[in-house]
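Each of the next two complexes has chain A plus one other chain: chain B in the first, chain C in the second.
Now for the complex of A and B:
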């Protein structure tokens, strides 16, 4: 039994994008950059070291607009999809999560999988982009081998073989080439993401047979052959190859299997299933109609949940949870279980709003609906049943949106205190795609030393900090945002006062002022950079590398489409997956053209 | 008929038949009369390692007043007293960034590990010193290098095969134990040697897998071919490990496989948790070296922007170095120094762990050279001059210890160069631009 639940899912009707509908209220010219937005040109950048990040002259453009004023409808010309933007055929290294998802999809969820592969280097805001440049160390291949050995043994053990291996050998103590071949070619196609070349399959079956004879155990033979496949570069190196585009002479597209893999990694964070590979081999993926049908099927699949979780876990920087701890003497309610559940809570909130409810992405920052677990209950001060239960914060609650969830608040704070600077920086970099400069290396903090016992709140201490012109430039673009979350301590728990002084949680986001976290969430919701940042991240995640400047027309097109679809995440995925740039690639060298199964079409 | 029987052919015969028991003679018989070499004259192997601590020093209480032998131990390094004669302390050596910007908590360690100053924070080191050494002396052992971090974070590593390939650190004691001493470990001192027939099967399957490299190689562009080649190197590494498992290992008297740590302890960043993890990982690492599982090793006690916390004190180490006022009476930052003192205690533990293992007529430390480095001198302002460093061990008798050596502003890369030469590399120079040096530190060379 190898069919997954997704294999059994019914294909849904293709949802035709409603291009051109009048959802133009949030169409804006792309802003030119952080400095222009924030008005820090008025600031006093006193030292040379800050010039690159802070040096501006004259008044800032669009620095101030009254709250809500920028939401007025503006006429926008419809942008057609640019046809000259293409992506690049890449080699990516499979991540641990993709490995786990792929194997769980092939062999079922009860397999004990916990692949410990090295983390990728975050590139262009995403770990996944790092997979396109990462090398492979010897220790890493060792890790592949260890994991493969455990997985292969488990798949073929007596508890699993009856339903994971589709045939029974004539004699369990000897070889059975027919049965081994049946299993290995079927699984091999899913693991390698294309059919095995005949000689490739034959070599593996021979190995399984020889091992079965040597060890007097059919299943042991199968296990070692499977282990071999699991450490093959065919499995762990995700290659993309180009083929001539039949519909556009002179252009090249990803070949069917490469496109199937790119789609599958994009939407499911996993290798393709059998139907997707069928679509690749039949040529269905080469036609717009066929692609639309396949993408609709993929978006309707339960695997979309894993894909969505993987993307947001990456974009939100949740890999930092691995080492998130709080000082137990300061935050006794915050345990390892709190951290794990905080990550899970936000991912559940994301999936519920964007996938289950098919809601507006911007509402993630204003929604009061979430899920609560026992470990989170003390921090939020709300009761929780066993497991995860849906919960809606009351209208007068200070918590709205994922900025007020423990994940954001605790991840972007110190072990023993809150940090408006870190929170402001995270909001800009993660959610608005605006890098915040590092502090200058030779700054002497002696003038801003703290603690000064007379400064009770973080606002007072940071105000003192910003009185230093060296610090002011960058802190002005982070702190007014982060101060809006000061009603939440470093563990994410609500507080009305700090050291006996009432907390003032007012602040501003690029000219939009607010009085508390609820207002901050609304200001972020209304900020056009929020959605354009998501578009940029999702697009680069899909094509496997940071978008270059050449892709700007594509991003403009995607921004408009996203708005036209009411900022529905699934529609954004669909638009990207069906775009020309997703499947058309730069012209390749001959070696990069399709060379499958030992044949040499490109030579 | 070819009557020559290779080891593999013999083993294959054994595997096809019944396993045999190979009795080994007494261990001491393998050493010469002086205890510093094997009986056939092969010297005990010299090993190279690194140890990293974060955020430099408070020079007022770190730099010994006395130069040379019999140096004093100021309070920040007072915990080194038990190992003072086994180490050297280096001060007054500089790292130079030339025309590159000072990447905070990054430039310093990159220079000390690779000899070159990075242009940007994304500009990862090329081949780091441990890899250069391992490519020369690390090929015979089961692992070319071993890298571990006490931070619990798999991203904390200072070792790079190349710019896109960091060495993945071990951060979990249980996983590290399994990798070292799990089912695939061959006890070099076992009385019996039974080659595992399953290993031969694995070895055979691997040859089929290696054929897939050509298929993949044919599909990728020129810029990705090096990565596919790297993958092949990784598969060859597995092949070599399997071959080793099919061969009787050389006995190692110092090898006494430790007990399974069973759990990883509390995962957190308080000093106590980091220290506990550091010590467990150190003990495993030391025994891996004694058992000749590796000859090159790296240990990171902290991340360069260390988030280690002091219970009840709100600032983690890195934040503390920038925000804590200098105590006008003491002349330094007391809490920042508290963190450094804890780090130096761990360095003392690390060195002691090597010196407690008897090897030949001395200790394991005598046949090791450890290079201890950091990311800044005075972390508060990210200064790169007067970088504090240590060495430990005698590299098989080639290095003197018990010295405080002052660099007089000369390149800190001199220590790396000296270390590489001491463990047998023949390079004339190391480093680029102002960090280039061809001058070893003569004071420490025997």
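Now for the complex of A and C:
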């Protein structure tokens, strides 16, 4: 039972049009300079990757102006939405978080949900993209069943049945087809993301009845049928189905239920709710006006918070927190609670700025507003009340933006020391979508791992390390960035000195120099690749696969729209959700048609 | 076997307390110190001060005292005599609360109880005098009043490594009721300041343990319980000389949590603190007279015979000894002393003390 592995890249049905001067290398003096300055250490792939990133970054969007006010003063040529860029109908597997969110939305948040499914393979910077290339092993099925069994038992137990099951059986010790049918039909529509066919509903009721008779317990029978639904491929595999596009003859688009599911996973990280399925059923999603109304409803929903958290948790690579460890003898303040709260702090900061405040995405890297918990209090050196409390660092604080939060600083450091290289690499790869080559296999780390005692600071040790020309190439693109965060140790605590020597936290980001982490945050804020990288990630997250070069016209359009809307995340989500590429799909391959028709699925 | 006290759940009042932390200054990790002429600390460790030598020959030349099991075997030997439950276990249980009956009336005379015999003790000079029963501190200070040490110094459970010694500190982290805060205000220097105010509060938040499990972390936050814990709020006048804080005598009430989270209060009379202060912690002594009836009752309530046996802590014997060694606060009618001098070794870590029910205090920004 394998999901399709042939649908990773997005495609275009026609030749990609030239975007004209916006693709000129002259538009990317900083990127070109970066390659030219540091090229000796790059492999060809790295250069290509960087250039690819440049092509998808900022050219159509004059994003060098931090405030966005330039858009009025200096209008740029408006790019129309490219109607010929389409996505692919995909078959994906549900992530653990999507599974939890879906069940919590259907049955309520008090269920004890803790689905532990195997992680996806990070593809194109996102785990979510790996959901289209996942397999299902026997061990994984056991995990699904364990979760399903617990959930089904809890939904039907005496504490929940009175409000989760809409009817009472005539006899609790026997079957009741009418009541079972009422419950299973309602829940089945939400779990399978489409209405149950009559024969499908009848089969489920038969299962519940047979089990109830055998177990002499109506609720046990219902639990049995529900457990089966919760591990059904129809629940776990997200199958997108194409249908003819009535507005564009000869084109295909996602059918209403598939589009509802894609929207829901994109914006809520959950299966669709009843209203969304109603919109799919009525055809409202197929009209621009109806779809806009639905998307507006979804963006106004509290579930947008879960969707936003899921996206940034994925983009920021926070799954690595599950394996993050620090040497307790070196960093006694960094506990397990610190790691968990560091992740939560950044997600709260993101949600507050981008969703609650509807702020500019770039301000994530300069904002002094955040949230503090008791576990984080010792590392930040600030008071914290019980639970989470809003906190704003004062203007003279060295902390500004999420780069200076413990999540970034600790996640991208060694267990016992800081790492300008890891931090610089993470900034490039995660936030600027610029892959950094792996170190060569014969690299000599002795100058940083067993340093000369006279080299007191990490800057001095890395300078010595870079004397090796094999190492110098890569380090030139990471270290000038990461050194800007050297005032923070491997756990994210502030320090003014290292081994008695004052730390020099100056550095540069592709030609923009700075003296400390505050300056680095501002440089990143003003970097056009910052916003174009987000656009690329959000777009590929929405369509369920990494964006290929063929999507460049779409990305250019999205970049421009993002800038025009003041880099508001919610507007970016809306633009993508309403775009043609989000709903239009290329014609189905015979292979996909076979899968969708169920010739292999669930057999 | 004595019954255990009722297990009370704690009220949670945090939700009602708005913090408004954005108005507080940024301190920076490890830069904690005096801010706004204030510094706070939270108590992490406390031990009844027991001075020990390597082989205990000096302070306990006769060895350590028997515990409940050893005493029971001596009181009721397996000698063929038939004894009822009432005459044995239940009678001994009564001794826990009304001591000095059975063990003083054995055929061989009272069971022995070994008091500390040395001349050195940890503590403070509470009465300002140097009396014949006073100790000398390990640093050479005469007139140390710590008669409680005479009672418990040769009881294994109270010595370092003993059951009581261990659990009293384990409970500091495990339980919440016994969170003790001190806030030093009107302070300009942690080295020398001739006039500071020390306020004792009960805290509401857990201690923060370090990642290696060996220590507690400075830099945490503690909400002062100014609603339900008003009875614990005590203001003391003090001064700091060469980094040592000394407070003037005053009565202090501290929250006390013991086995199975049995919560009660502990009164300290004519109490004074002597603490070495640093920006990240404080360490030193609380010297005071403690009420012998309260001390006895707290131990009898909170330590089952099971637990007491592991520490060889005989409550009847200790209660009897407490009254014999009591050296303060004579009863106006009987003339018998009702309190005994004592000392507690204390460790604190720095903590930001929040006053949820009070208006925000003006703050000053520190460098960084």
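Keep in mind that, in the parts below, the second predicted complex is superposed on the first by the 505 of 603 C-alpha atoms of A that agree within 3 Å, B and C clash if a C-alpha of one lies under 4 Å from a C-alpha of the other, contacts with A are read in each partner's own complex, and residues count from 1 in each chain.
The definition used in the following text is that a contact is a pair of C-beta atoms (placed from the backbone, for glycine too) under 8 Å apart; a residue touches a chain by one contact, two chains touch by 3 or more.
Computed from a predicted model, the values in this text were never measured in an experiment.
Trainee: Who does A:398 touch here: chain B (first), chain C (second), both, or neither?
Mentor: After superposing on A, A:398 lies in contact with chain C but is clear of chain B.
Trainee: Where does A:379 make contact in the superposed view: on chain B (first), on chain C (second), on both, or on neither?
Mentor: second
Trainee: Taking the superposition as given, does A:265 touch the first partner, chain B, the second, chain C, both, or neither?
Mentor: A:265 sits against neither chain B nor chain C.
Trainee: Could you look at A:238 and tell me whether it touches chain B, chain C, both or neither (first, second, both, neither)?
Mentor: Neither partner.
Trainee: Which of the two, chain B or chain C, is in touch with more residues of chain A?
Mentor: Counted on chain A, the partner with more touching residues turns out to be B.
Trainee: Looking at A:91 after the superposition, I want to know if it touches chain B, chain C, both of them or none. Which is it: first, second, both, neither?
Mentor: The answer is first: A:91 touches chain B but not chain C.
Trainee: Could you look at A:197 and tell me whether it touches chain B, chain C, both or neither (first, second, both, neither)?
Mentor: Only chain B; A:197 stays clear of chain C.
Trainee: By the touch definition at the top of the document, which applies to A:390: first (chain B), second (chain C), both, or neither?
Mentor: After superposition on chain A, A:390 lies in contact with chain C alone.
Trainee: In the overlaid three-chain picture, which partner chain does A:329 touch, first (chain B) or second (chain C), both, or neither?
Mentor: both
Trainee: Find the residues of chain A that appear in the contact set with chain B and again in the contact set with chain C.
Mentor: In chain A, positions 328-329, 336 sit in both the chain B and chain C interfaces.
Trainee: Flag every residue of chain B that touches chain A in the complex, lowest number first.
Mentor: By the definition above, chain B touches chain A via 15-16, 101-104, 121-122, 124, 143-145, 147, 151-155, 161-162, 164-168, 175, 179, 197-198, 200-202, 204-206, 208-209, 211-213, 215-216, 218-222, 224, 226-228, 230-235, 237-238, 241, 267-270, 307, 309, 311-316, 319, 322-326, 380-382.
Trainee: Residue numbers of chain A touching chain C in their complex, please.
Mentor: These residues of chain A touch chain C: 326, 328-329, 331-336, 338, 372, 374-375, 377-387, 389-394, 396-399, 493-494, 496.
Trainee: Which positions of chain A touch chain B when the two form their complex?
Mentor: Residues 89-91, 93, 116, 118-119, 121, 123, 133-146, 197, 200, 203-204, 207, 210-211, 214-215, 220-221, 224-225, 227-229, 231-234, 236-237, 239, 241, 322-323, 325, 327-330, 336, 414-417, 438-439, 441-446, 448-450, 588-589, 591-592, 594-596, 598, 600.
Trainee: Hey, which residues of chain C end up touching chain A in the complex?
Mentor: Checking each residue of chain C against chain A gives 14, 17, 19, 21-22, 24-32, 204-206, 208-215, 217-221, 223, 352, 354, 356, 365, 367-368.
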